[in-house]
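Encoded as structure tokens, here's the structure I'll be asking about.
Chain IDs A, B, C, D and E follow the sequence of writing; residue 1 opens each chain.
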Amino acid sequence: MNIIITISITAFIVLYAGLFKANKALLPLTVVGLLTALGFTFCAWGGNAVHFGMMQTDNFALAFSGVCIVGTLLIFLLTQNYFHAKSDNIAEYYTLILFALAGMIMMVSYKNMAMLFVGLEIMSVSLYILAGIRKKDFASNEASLKYFLMGAFSTGFLLFGITLIYGATGSFDLDKIQAYLVNNSTSVSPIFYPGVILMMIGLCFKIGAAPFHFWTPDVYEGAPSLITTFMSTVVKTAGFAAFLRLFAGPLEPLHEFWVMPLIVIVCLTLFIGNVTALFQKNFKRMLAYSSISHAGYLLFSLIVITKNSGNNVLVYAAAYTFASIIAFAVLILVKQKTGSDSFESFNGLGKKNPLVALCLTVAMLSLAGIPLTAGFIGKYLMFLNVMTEYKTLLVAFAILNALVGFYYYFRVIVAMWFKDGSETVLSTPAQYKVVLLVSVAITLVLGICPAIILNLI
Amino acid sequence: MENLTTQMAGVPLNHYIYLSAIIFTIGVIGVLTRRNAIVIFMSVELMLNAVNLLLTAFSVHSNDPSGQVFVFFIMALAAAEVAVGLAIIVMVYRNTKSIDINVLNRLKW
Amino acid sequence: MSTQVFYFVATLSILFSLMVIFAKNPIHSVLYLILTFFTFTVHYVLLNAQFLAVVNFIVYMGAIMVLFLFVLMLLNLNKDTEPSKSPLIKIVGVIAGGCLIVTLIGSLKAASISSPLILKNPGLGLVENLGKELFGPFLLPFELSSLLLLAAMVGAVLLSKRDEVEA
Amino acid sequence: MEQLLLLIFLPLAGAIITAFAGKSAKIVSTVFSVVSLGLALFIACNFIPNASTQFEANLPWIADLGINFHAGIDGISMLVVLLTNLLIPIIILSSYKHDYKNQAAFYALILFMQTGLLLVFTALDAFLFYIGWEAALIPIYFICAFWGGKDRVRINMKFFVYTIAGSLFMLMGIIYLYLQNPAHNFEISAFYALNLDAAQQGWIFWAFFIAFAIKMPVFPFHTWQPDTYTAAPTQGTMLLSGIMLKMGIYGVIRWLLPIVPAGVQDWSCVAIGLSIIGIVYASLIAFTQKDAKRLVAYSSIGHVGLISAGIFALNQQGMQGAMVQMLSHGINVVGLFFVLDIIFSRVKTNKIEELGGIAKAAPQLAITFLIIVLGTVALPGTNGFIGEFLLLMGVYNVGIWAAAIAGLTIIFGAVYMLRMYQNVMLGKTNELTITFSDIQGSEKFVLYLICALIIVLGVYPKPLLHLTEASVQHLLEQVNQKLTSVK
Amino acid sequence: MTIEQLIWLVPLLPFLGFVINGLGRKSLSKGLVGIIGSGVILASFIISVVIFFSLQGDTQKAHEVFLFDWISAGALHIPLSFLVDPLSSIMLLIITGIGFLIHLYSTSYMHDDDGFGKFFSYLNLFVFFMLLLVLGSNYIVMFIGWEGVGLCSYLLIGFWYTNSAYASAAKKAFVMNRIGDLGFLLGVFLIFNFFGSVEFSKIFPQAANMLPGDNKLVLITILLFIGACGKSAQLPLFTWLPDAMAGPTPVSALIHAATMVTAGIYMIARSSVLFDLAPLTQHIIAIVGAATALIAAIIALTQTDIKKVLAYSTVSQLGYMFLGLGVGAYTGSFFHVLTHAFFKALLFLGAGSVIHAMHHEQDMRHMGGLKSKLKTTFATMMIGTIAIAGLPPFSGFFSKDEILAHAFQSSPILWGIGVLTAFLTSFYMFRMMFLTFSGKYRGTHHAESHIHESPAAMTLPLVILAVLAAIGGAINLPHVFGGNEWLAHWLTGAGVAQHELDLSHSTEWTLMGTSVVAAVIALLYAYTKYVKGAHVPVADEAPRSALAKLSYNKFYLDEIYDFIITKPLDILSKFFYRIIDNKVIDGIVNGLGWSTNEASKGLRLLQSGNVGFYLFMMVFGIIALLIYTFSYIL
């Protein structure tokens, strides 16, 4: 509760600070606000408080809140030199990002469909806007419009699903829904099933799982890189938390029903994400497809629900978030220098910018799932998760896809280290260095001793 | 009014569901077949309204006001979305002089 | 008698909504949409959800639809400018929609909930009742939806404002 | 325990220090590798040659997942550890004449790889084994892709994905075993104690075998290898062929045989068949190779095929032969590649046809090269013979035809090796080789060392055999015991 | 000093010579190298003599000397140990004795060569390995020597490696030997499998109790015989030996005549217990031996290179020995090994002397009339020739005769082939002698003026060998001549199987007479043709009769091998490499990558950029999911 309030208040303060043209104060304010929120997260640890019957700040919620807040914090650090050059409405951007974060906090801690819905929409509406803040940029426009149209469309399905579930159970409360399923395990109302499926569709859209992923590459590519970073990391994490909260919680009794379509979705997602990423020439777009494929791996946690599912998602999402932040941070730097985000612009990066290249290498290794990085632990947990029910074929399929993944992740590494290119020297601001090093440190620490976050939830 | 509604007792809940489903689908068809962003957007509104209607019906059926409360949230969303959506559409129109969604396909592959 | 009213209004709803999506002129679409919304208002009244009926009337028909109309006029899109999609796409769209409805209804049909709708509490949809609900259990989302509206407001201003720096 | 941890992590520390050593990276890395060798020798001296696991270290690592840092050394491990720590300094020394760009990174990666390799060779926890397995792969990928030759990016990508494909399936197998293990951990002893039925053993066999087969490589999983060996920098090739390949063999011995003996028994005919086909096939291909490096690469496939066949023969001779041959092959192949590197650095080609007459200009190189070639073709009195003899004897127990076909390696090996030797070293000098200068300095040291090892191990292999004997016997007993209990 | 204390010095000394000469090949003077190289062999010889005599006075005929454990794995224990018994002690004498003579000869012959030190170190190494071969107390130690001599043969054939034909000859020798070695190795595996040991002292007593004709024994002996075929240049693996003449002539004398090539016979004689129990193998050996003897003799008829003639003659004589082994005349064969060592070494060294004098001209068509210039050489070579031709009372007569007698007992056909071979042998040997030494000199005048007799270091060995070739037959003088067959008795002590001749004395006389007559006729025919008729072999390109062509071209064996083995393997190699490896296997691997890439190309088109299309796809997905739901509910 305190977390949301802190974030919201920070957002208001930032908005007003913007009104008074205190642009220099924005970032410190935000950082302080987020750190406070993070502090509240820590304080609430283990509390499992329920607020107004609407929000449950259990460890699951807090852990994901923590990841989201830290992720957002790092992204804020990347705003240095990013917005300033473009516009004078920085305060509004900050505010919107903070609003989105507040929405996400709701999404990870909801106890009622209404909270899920409102949180989801706060986040989505903020993102529609953020995707389009480059008003003169055609790509940004296009991304914004596409995202908006498809997002609104999918919201319809989500709502229809909520409605049907409400119709069957007579409540929006997760506990009541669960109680309904437990009590009527043999006579679940038939309208409940389409409700579940439609909700699944709506949530799959938000996390970019196939075949509802189509917006992802276009929007990620078109949106400003920083926003893409935000969308592909923090937002995605929150989406998964929401997904998990619902499906691994109240809807778990119907697991047998929805697991089949989910497996199909997972396979499609893995396949489309990985295979399409292979042929991309644009690093950013590749990352978009890669994010689709990671959605596939993340969904493994729902295919077999164990008591660790939540934690597995947390580890994976954290690994993915920090690796992606590195990737996008470097991308922003490269794009600022070369004006392009194709793979070619990374050529020869390692020669003049060994630190940046090394960080990006670690990130790519983590995304690819190489041991001793967090990404491996994440993948390992996911595989372990589904292997507990011996879904070996699925794992085999995932392995094949992971192999494809190596190809495209290593393309960047290859470009940086093994190809000759214009020897551009990136100007790396101190904050970027901080972000890169922190993320790399987290990635490696989680990879080498993941024990520290294995038992959070 | 009360008189009227008590007489409504005859309509089975199913029919509300059908009605909503039909309207919802009409919205979907609209989204699929039109190219004008605003019309598509309107179709989405149609879908949302179908949901609203169904929620209300369920709410009445289970004698639970929370369904109708939820409709408020949907309306709030609809308002917010309209504001943002139309702003986006206007912004796009400024740049492209068109609101045909097919014009927007520079981002692909 | 009033069950017939329902079916009548339902037919109108479907009819108008079809007109919305098939009208060539976007202005006509908007107008049909307003009509559709009106029929929805009637539905709400029939369900004794009077407050919703009023809100629907005001918010949707009043605010939202006017906004649509306004934008259409602003952009001078009142003419039938939309290049129609190829008939194939239209047919496929309709078929897809048809499939959707068939499957949707199909999966709903198994519903045992064929029991008639009985209004147990006539005051259910009244302001008083809803207010208690809204400011009771739903206080938190209600308050938080202010964020939604604020975000939308900020965003709408941000996006439609002409940016001097960029210009 | 402290010794073992020091053994494993000393190279890692070396890698980190080397990475920041700048110009003196060569010296720093040499010092670390030599100290590691000393440490390994020290451990070997204190090693009691029985079947027990010694110097055991068992620390909790990721307790929630049942993962421990559990490592130890028995005879089999001792041998490969010695091989690793012996070859790394040799490999580092062999690079002294090169002036690689970013050499700090180069040497740091080699040392980093050493830690990975040592993890693989000492791990008693399947997860740790897997981590080491991959940790060894990453540095070698970078070594080969950064300092490699023509088309290195594509070739190394293929190599990387190919090997990691295998290892991921192995990971799947490991997870499966973990889940089957009632104690829910990755202890090798617990895996040994598992009672899996034949079908389970069958598929786990394949999950592991493919990983190992790719690494070794066994026909038909070998196609990454010639390209990679050819395109890699020589030190990379040495690491790959000298040590990395042994990971696969070691894996089979340590993880495949005792865990799924029934699976091995069911499929050993296939495994041996593939191995033997590989021997003949690769040897035949080596006949007409034009590039000496590629020739050696194919010869390596042939030799490894024999090792693999000997292991799957599941008897003491074959297994002991594999042990000796692991070491011998490591030494010999490193020697061969080093000679080719010396030649390449002088005349910028490894094309057999363009060379010739080097013996005239560089007699010392000629002699050392000859000794290495003889070791490779398993002449009695060289280390190669001990291994191949025992291996063939092991294979013989499977069937005389198997041994006869596998034995073709001693004929074919002589054909292609001597052909290469003749075309490279003998004959008339040409304009390329006329100014060839003989080996000197570090080259001399390394080659003489290798030659000495070849002969000493060939004449007096007893310490080696003695070192592994008890462990091998124990392993085979374990396998047989399990086989009888399954029936 | 007991045998046990001395024996290890015998191989060690040559090894030390190898090490010293090898390391000091640049720094030591040629004289010193020669002294060391020959000295160590002489020392070995002296020790061997001591051992030989102490063995003779010993009641215990077999001494096993254990040095150290070499290989042990499971049940397999292979010690490095030596076996000194009558058989090996005689071999020691031959190897070190003849070895010393040849070393001595080489100090002069190779004096002008740059690789003098290298040559001596190789030669010493060879002696070391050869000693190891005969001293080994088990098959594996024998195998070390077996392959070791192969290596030295390789090194020495390719001694002048800058000539790539020589290098190829060396490689060919090594590879063909290796083919045999595989057989040997497999045989050893079978022995281990069957007897549980590879020690002679464990195998033979066991085998002695077995029934003849045991399948396993047949297989073992056939495999061992294959090994012997490679080493001792029998059909079909003999083609390397003539090519091996590329090496310096002392090498041909030592390795390719006196010692190494007889290793096969030594090995079979050593294992005679086994072979005796495998009649089928014996038949095969006899047939192969006879065929080799005949074919090689036919080829030798038309050769013009003096060393080639001797090489084919060696092959032919080796065939003879195998014939002997095949018919059970183990002693006879071994006897022939001894006498052959004497006269063939002599002949090669003589030929070397000729070549030395002719400044490395080896073609007999350019020789002639050297009798007067190279008197010692001529005289000694003549003794050798008479010995090889089998004319009494020189050594070859006795050994050859013993083999023939046994052959007759076994099968008259084999005997017939033997006699025919003897006839041909006599003919080509005298042909060689006459072409070289009689008639007029056919070379250039310039060269003629330089021809002179070789120095004493070369002629001394010739003389000694000539004496041995003349009287060597005495060591196994048959009963017919009043001898006591000393060698046969001596070898009994080594467990070499003995088969008494079951022929009457008159038959023996008849047989002897027949072969002597055949040899004499050949001698006369050669004399008429080459001395009287002054016939000179035609030039290479000149037309020949079909048979002559066949003989001259060595029955086209090299071509046939090339065609049926080398070429197909090369083609197979290229096929495997280019098609199977690069196209099929790698094609599949790359194809997976390629198809993924293509899939990627195709799949990304799905991302058309068109929102309408995206929505369609979404709706299709939704429909599919709803259909699933529908079916689930029902």
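The rule is short, and it goes like this: a residue touches a chain if its C-beta (ideal position, glycine included) is under 8 Å from a C-beta of that chain, and two chains touch if they have at least 3 such contacts.
Every value quoted in this text rests on a predicted model; they were computed, and no experiment measured them.
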{"item": "For chain C, the least number of touch steps when starting out from chain B", "value": "1"}
{"item": "Neighbouring chains common to chain D and chain E, by label", "value": "A"}
{"item": "Relative to chain A, chain with the most remote C-alpha centre", "value": "E"}
{"item": "Pair sharing more residue contacts (C-beta pairs) when A-D is set against B-E", "value": "A-D"}
{"item": "Chain centroid nearest the full-protein CA centroid", "value": "D"}
{"item": "Taking each chain's C-alpha mean as its centre, the one farthest from chain B", "value": "E"}
{"item": "Gap in Å, rounded to a whole number, between the CA centres of chain B and chain A", "value": "27"}
{"item": "For chain C paired with chain D, centre-to-centre distance based on mean C-alpha positions, whole Å", "value": "70"}
{"item": "Gap in Å, rounded to a whole number, between the CA centres of chain C and chain A", "value": "31"}
{"item": "Distance between the centres, which are taken as Cα means, of chain E and chain A, whole angstrom", "value": "77"}
{"item": "For chain B, residues that touch 2 or more chains besides their own", "value": "17, 24, 27-28, 31-32, 35, 41, 61, 66, 69, 73, 77, 80-81, 84, 87-89, 91, 101, 104-108"}
{"item": "Numbers and ranges of chain E residues touching at least 2 other chains", "value": "593, 604, 607, 609, 611-612, 615-616, 619-620, 622, 626, 629, 633"}
{"item": "In chain A, residues with contacts to at least two other chains", "value": "114, 117-118, 121, 125, 128-129, 132, 135-136, 145-146, 149, 153, 164, 167, 190-191, 193-194, 217-218, 407"}
{"item": "Interchain contacts, given as pairs of chains that touch", "value": "A-B, A-C, A-D, A-E, B-C, B-E, C-E, D-E"}
{"item": "For the chain D and chain E complex, residues of the former touching the latter", "value": "158, 161-162, 220, 222-224, 281, 284-289, 315-317, 319-321, 356-357, 359-360, 374, 379-381, 385-386, 389-390, 392-393, 396-397, 400, 403-404, 407-408, 410-411, 414-415, 418-419, 422, 425-429, 460-462, 465, 469, 473"}
{"item": "Chain B - residues contacting chain A, complex", "value": "17, 20, 24, 27-28, 31, 37, 40-41, 44, 47-48, 50-51, 54-55, 58, 61-62, 64, 66-67, 69-70, 73-74, 77, 80-81, 84-85, 87-89, 91-92, 94-96, 101, 104-108"}
{"item": "Contacting residues of chain B [partner chain C, same complex]", "value": "1-2, 4-19, 21-30, 32-36, 38-39, 41-43, 45-46, 49, 52-53, 56-57, 59-61, 63, 65-66, 68-69, 71-73, 75-84, 86-91, 93, 99-100"}
{"item": "Sites on chain C touched by chain B in the complex", "value": "1-3, 5-7, 10, 13-14, 17-18, 20-21, 26, 29-30, 33, 36-37, 40, 43-52, 55-56, 59-60, 63-64, 67-68, 71-72, 74-75, 77, 82-85, 89-90, 92-94, 96-98, 100-101, 104-105, 108-109, 111, 113-122, 124-125, 129-130, 132-134, 137-138, 141-142, 145, 148-149, 151-153, 155-156, 158-160"}
{"item": "Complex contacts: residues of chain A adjacent to chain D", "value": "365, 370-372, 376, 380, 383-384, 387-388, 390, 392, 395-396, 399-400, 402-403, 406-407, 410, 414, 417-419, 449-451, 454-455"}
